[in-house]
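The structure that follows is given in the form of C-alpha cells.
Letters A, B, C and D mark the chains as written, and numbering starts fresh at 1 in each.
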Amino acid sequence: MSTTLVETTYREAMREAMREAMQRDERVFLMGEDVGAYGGCFAVSLGLLEEFGPERIRDTPLSESAFVGAGIGAAIAGMRPIVEIMTVNFSLLALDQIINNAATLSHMSGGQVSVPVVIRMTTGAGRQLAAQHSHSLEGWYGHIPGIKLLAPATVEDARGMLWPALQDPDPVLIFEHGTLYPMPGSLAPDAAPVDISRAAVRRPGKDVTLLTYGGSLPKVMAAAEELATTGIEPEVVDLRVLRPLDDETIVGSVRRTHRAVIVDEGWRTGSLAAEITTRLVEQCFFDLDGPVQRVCSAEVPMPYAKHLEEAALPQVATIVAAARQVVSG
Amino acid sequence: MSDFTMPSLGADMDSGTIVEWLVKPGDHVQRGAPMAVVDTDKAAVEIETFQSGVVGDLLVEPGQRVDVGTPLATMLAAGEAPSAAPVSVGKAKRPRARRVPPPREAAAPVPPAVPREAEVAAAAPPAPSPPLRHHAAELGVDLASVTGTGTHGRITRRDVDAAAHRPRVSPYARRLAEELGVDLAAVTGTGTSGTVRAEDVRAAAHARPEVPPVSTEAPRSDRATIAALMSRSKREIPHYYVATTVDMHTVVSWLRDTNRDRSVAERIVPAAALLRAVALAARRMPQLNGFWVDGVFVPGEDVHVGVAISVRRGALVAPALRHAADLELPVLMQALRDLVGRARSGRLTRAELADPTLTVTDLGDQGVEEVFGVIQPPQVALVGIGRLVERPWAVDGLLGVRPLVRLSLSGDHRATDGYTGARFLATIDDLLQHPEAL
Amino acid sequence: MSRRRTSATGTTGTGAMPTQHRFELLRQMTRIRLFEERCVELYSATKIRGFLHVGIGEEAVATGVLTVLTAEDSIVSTYREHGHALVRGLSMDSVMAEMFGKVTGCSRGRGGSMHLFDVGHRFYGGNAIVGGGIPMAVGIALADRMRHQTSVTACFFGDGAYAEGEFHESANLAALWRLPLLFCCENNLYAMGTAIEHEQAETDLALRAASYGMASWSVDGMDVAAVEEATRHAVERIRAGDGPCFLELRTYRFRAHSMYDPELYRDKAEVGHWRERDPLELLTAAMRADGELDEDAFEAMTAEARAEVDRAVDTAEQAPFEPVEDLTRFVYSEAVGPGPTRAGEEGAGS
Amino acid sequence: MTPDQARSLVSKQIRFIVPDADLDGLPPDADLRRTLELDSLDFLEFVERLSKDAGVRIDEDDYPSLATMESCQAFLAARTAASD
C-alpha cells in the first residue's frame, strides 16, 4: 500500500467514506433528496448510484418527515442507513421524527430499541443563500439527550468520522458546513477511521483559548496567525464533537491559558457558545482571568446582501478583537 | 357494604364538586350506571359505579367540593338493609363520625405563635451607629451596599473598611493572591477600570519581603540577636525623629469616669488608649504601616502594633497586637493584658511574633519623659511614649496644671519624610482628644 | 398492481372458520375488554396516571388483524394500543406493570399506557404523536424488503392521523417503493372531539388511499371475522410483492377519547346504537346461532380472563419501581459487545 | 485584719506577679512599683488580685495609698476594719 498522500477535497473525502462504508457493510445504504441520479445537491454522492444501484442509493420524494422516519425505522429493523437531509434548514420538517422517535426510543423503551442511524446535513451561512437557507442550529440539536453530534471541520475528519458513526448503536447527526466542501486536503489512500468523542487542539498556545467547530475553524486559525504576529500565542481547540461536549479538553485548555473566546456561527442566545461558557464558569471559574468572550452571528435572520451577511457573521477581525480584549482588557 | 368514592377523571384533577345526585338510597344500580354529575374545573361529567348493588347513604351534599377518593355514598350488596334513617332524595345525610374525618375547625385551638428567635433575627438588622456612619461617609462607602457580619447582621467597622478596599479582582487573580499570600487591598490593578489581574498579583508577590522565619520557642531575643538587629537598623535605616507634647487631660478624665463603674478586671489604663490611637492613626496613614524591602515600600496587610515588652532579666520582645485598628478600646485593653501576660510566660503565637507593621515603646512606667527608639527592621516607624506628668500648661490663654505626655516618632526616611511623621503624631494627638471614639 | 378500490363486507356467519378459532378470537376480545375496564377503575382510583385511552368497542380490529400476522411480522401502534399489545402476545402482567410505572413493565415503567414496547414480539411501541409512528413503519418495511424478507409491517393509526402530513408522505413513499406495509386505519368516526365530517373533506378514507396506487378496502370493524378475512387477503397480496395495502376499519369506541372527556360532541343515542353491534356480543350471538358456543367453556374462559386481570393487578401492585440511579440508563445504548444483537439485527456486516 | 495578715496577703499577690521578688529584704517604705519594676499593667493586676483576695473595693483614687508595703498594710487594715 503506497504511503504517498492523495490530494483530495472535503467533499470527495465524505464521498469516499460513504463508498467505503457501503462496500464493507451491506446494511449501509444512502437515502435522501437527489442523492442518486442528481449525484447529491452538493455533489457529495456523485457516482454512487452507478456503483451501488437504486436499492442502496435511494432518491426520496420531498418528504423529510417520512424519509427521516423511514431511516429511523429501517435502523430499528437492522439496517445502518445514512439519511441525507439536504440542509439543516429542511431538518425542521423532520424534528418530530428526530426528537420524539430517534432520540427517545432507546430510553423510553427501557433499552430495547436502539436506532443506529446516521443523519447528515449541510449547515451554516456564508454563501448569500439568505435567511431560510443559512441556519446554524447545532445548538438546538446539542440540547437533545439521546443523539450524538459531529462537526467535521477538516478533510481528515470528513473522511474518518462516518464509519465509527455508523458503528454507533445510537443516532449520530453529522453537520457539514457548506463552505467546507471544496476545501482541499491530503489523505492517506487507506485513511483510517478517527475518534468521535474528543475535541482536538489544532494549534497549541498559552495566552488565550480559541474554541470553535465546523465552518468557523478556518477563520479561527487565520485569527490565531494574526494574533501570533502581535505576541499573543492563542491555543485553537476544534470541538469536533458537539454532543457530548469534550469538557476535559475544553476545560484543560482554559485552565492553562486562563482566557477563552468561543467562535460559534449560531445566534448567541441559547447557543452552543452559551452552553460552553456556562461549563467554563462552572468548572474553571477560579482560573478565569477575564470574562469569556463569545463571537457569534448577529441576532438577525441572515441577510442576502454580501456586505450585510459578512457584517452578521463572525469574521477574522472580530475574533482577533475579542482575543485582544480578553488578554489585555 | 362498600364505598362509592370521588373518581379521578384526569391527571390534573385532585378534587370535584357534586352538582347533582342521579340516584337515591335504595336504588338498584348496575355496573357502569351513572350515579351523579360531578363538576371539575373544566366541565360537568357523569360519574359511574364500578359495582352493581343498592345505593346506601348519600354522604356528600350537592355543592360540596371533596378530594378525589372521598367516599360519596355507601353501596349495599343486594339484600343488605340501608341505614335506618330514610333520607330525602338529593339532600345528603350529615356525614357519620365513623367514616368522615372530623371537620378541621373542631381541632384544639392552636396557641398564638410565639415569635421565635429566628423570626426576631429576620427583622431588619440594627441601624449602624453614628460614628460608624461618619466613618463610612469618610471612606465613601455606601452603607446600604454593606452586609453586616456582626450579631443580628449589625454592620461593624471592619465591614465598612473591607467595603472601602473592594477592588475588582479576576477570580484567577484572587486565587493567586491567596496562594502567594498577597494582600489584595494593597495591589493596584492594571486591567480596565482598575481590575486586578493575575500579573498584578505576581508583581506584588515578587516585591514582598521574605518574612524571616521566627520560631515560637525563642520568646526572649537574647542580647546578641538584639544587638545584631539594632546595629543593622542603624546601619541601613536613615532615621528621622519628630516629637510632640500631648495634653492627656481629656483622656485621663474620661478614663477615670468610665473606670469608676468598671470592675478592676475591666479597667483601662492610659497606655491602652495611646496604643489604640497609634493603631487608628496607622490605618489612616498606611505609608507608616509596612515594610521597606529591596528598595520598595510594601504596605502591611493590616495594622499589627508591636508592643515593646521588657521581659524579666533584661530581655526584650515586641510581639504584635494584631488587627489593633479593629479592636475597640475595651477589647484592646484585654488583648494587651493577655499579650503581656503571655509574653512574660513565653507563650506567644507565631503570628504575634511575625513582624508587626510598626512598633510602640512606652517607657512611661520606667519614668523617662521622652523616648527616641530604634526602628525594628524591616518596619519603617517606631513610636516612643514617655511618662505621664503633671505640668503647667496654657489652655485658652489661662495657665493650668494638665497631665502631659511626650510622643515621638522615629521614621525611616527612605519610606517617609518628616512631614508625614509630623502629620502622624498630630493625628494621634487629635484621636486622643476624642477618647469616646477610640 | 390493481388500482381498484374494493370493499369487502364480511359476514360473521361464514362456516369456513373453525369453531376453535372463533372461540380463540372471542377469548382475545374478552381479555382486552376486561383488561381495559379494570384500567378505567384503576385510573379513577389514581393507581394509573397520565393519559389513558381505552379501545372498548374496537376489540375486533386488533384481534382480527393481528391474528393473521406471524412472529416475523412487525407492528407499529398508537396510544390506543392495549388491545394490539395483548393480542400480539405481550403478557398482561408486563402491560399492567407498565401502567403502574413499575420496572417490570414492558418499557421499565418509562413509557406508560401510550408507549408499550416489546421488541421480542416486534411490537415497536405506541406513539403519542398522532401519525408519528407511520414513517417508522415505512422504514421497517423498507428494511425487510431490502433484506429480501417476506415480513409484513402493520401500522395502526386513526382517522385523525389521516389528516397528518406524515401519513400522506408515508403512503406515497410506501406505494412508490412498493413496500410490504399494511396501513390499518381504525376509523372510529371521531378525532378526539371532532367528528370525521368536520376533519376530512372526503370521509371515504379507503377511496382516498387508493389514489396513492395501493389496494384499499373498507371493512366492518365490529365484525372480527370480516376484519380477519380482509387482513388475510391484504397480507397475501403484500407478501406476493404487490406493495402496500390500506384497510379502513370502521369501528366505534364506546367510552370517551380518554379518561377526561365530557363527550359533548356525541349523543347517547349514537353510542347506544353502536353498542348494539358490540363485537363481543356479535361473535357470541353468531356462535350461538351456529350452535358452536359451549356455554360452560365460555363461562370458564371469561372467569379465567378475569382472573388473569386480577393477577396482573396484584403483581403490578407488588412490583418494584425502577431505581432512581438508573434514570439516565439507555439514553444511549449500553455497550453489548460488537453491535447490539437485537431482534431484526441479524444482517451481515463487518 | 491584723497588720501581719495584711502583710502576708500583699506579699502573696506581689510574688504572683514577680515570682523572684526579694520581699524579705524589701524596706517597708520602698516604692513597690519602682523597686519591683511594676509597669501600669502589672500594678493593675496587683490591685485586682488584692481586692479580690481581701474582699475589698479599691478605686483608682486609692492607688496612692498602695505605694509601699507599709501603706498597703495600713490601707487593708483600715478598709477591712470598717467591715469587721
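What we mean here is this: a contact is a pair of C-beta atoms (placed from the backbone, for glycine too) under 8 Å apart; a residue touches a chain by one contact, two chains touch by 3 or more.
As the structure is a prediction and not an experimental result, all values here were calculated from the model.
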Innermost chain by mean C-alpha position: A
Result of counting contacting C-beta pairs for A-B and B-D, higher pair: B-D
Most distant chain from subunit D by Cα centroid: C
Interchain centroid distance [CA atoms averaged], subunit B/subunit D, Å: 43
Computed distance of Cα centres, subunit D from subunit A, in Å: 92
Centre-to-centre distance between subunit B and subunit A (centres being mean Cα positions), rounded to whole Å: 52
Whole-Å gap separating subunit B and subunit C, where each centre is the average of the chain's CA atoms: 69
Contact graph of the chains (line, ring, star, complete, other): other
Listing of all chain pairs that touch each other, if any do: A-B, A-C, B-C, B-D
Parts of subunit B lying in touch with subunit C, wherever the complex brings them together: 5, 7-11, 13, 40, 42-45, 50, 68-69
Subunit B contact footprint on subunit C (complex, rising order): 40-41, 43-46, 49-51, 259-260, 262, 264
Footprint of subunit D on subunit B - complex, ascending: 256, 259-260, 264-265, 267, 269-271, 310, 312, 336-337, 340, 364-367
Touching residues on subunit C, where the partner in the complex is subunit A: 74, 76, 105-111, 115, 117-119, 124-125, 127, 129, 132-144, 146-147, 165-166, 169-170, 172-173, 176-177, 329-334, 336, 339-340, 342, 344-350
Subunit D residues touching subunit B - in the complex, by the definition given at the top: 18, 20, 33-34, 37-41, 44-45, 47-48, 51-52, 58-60
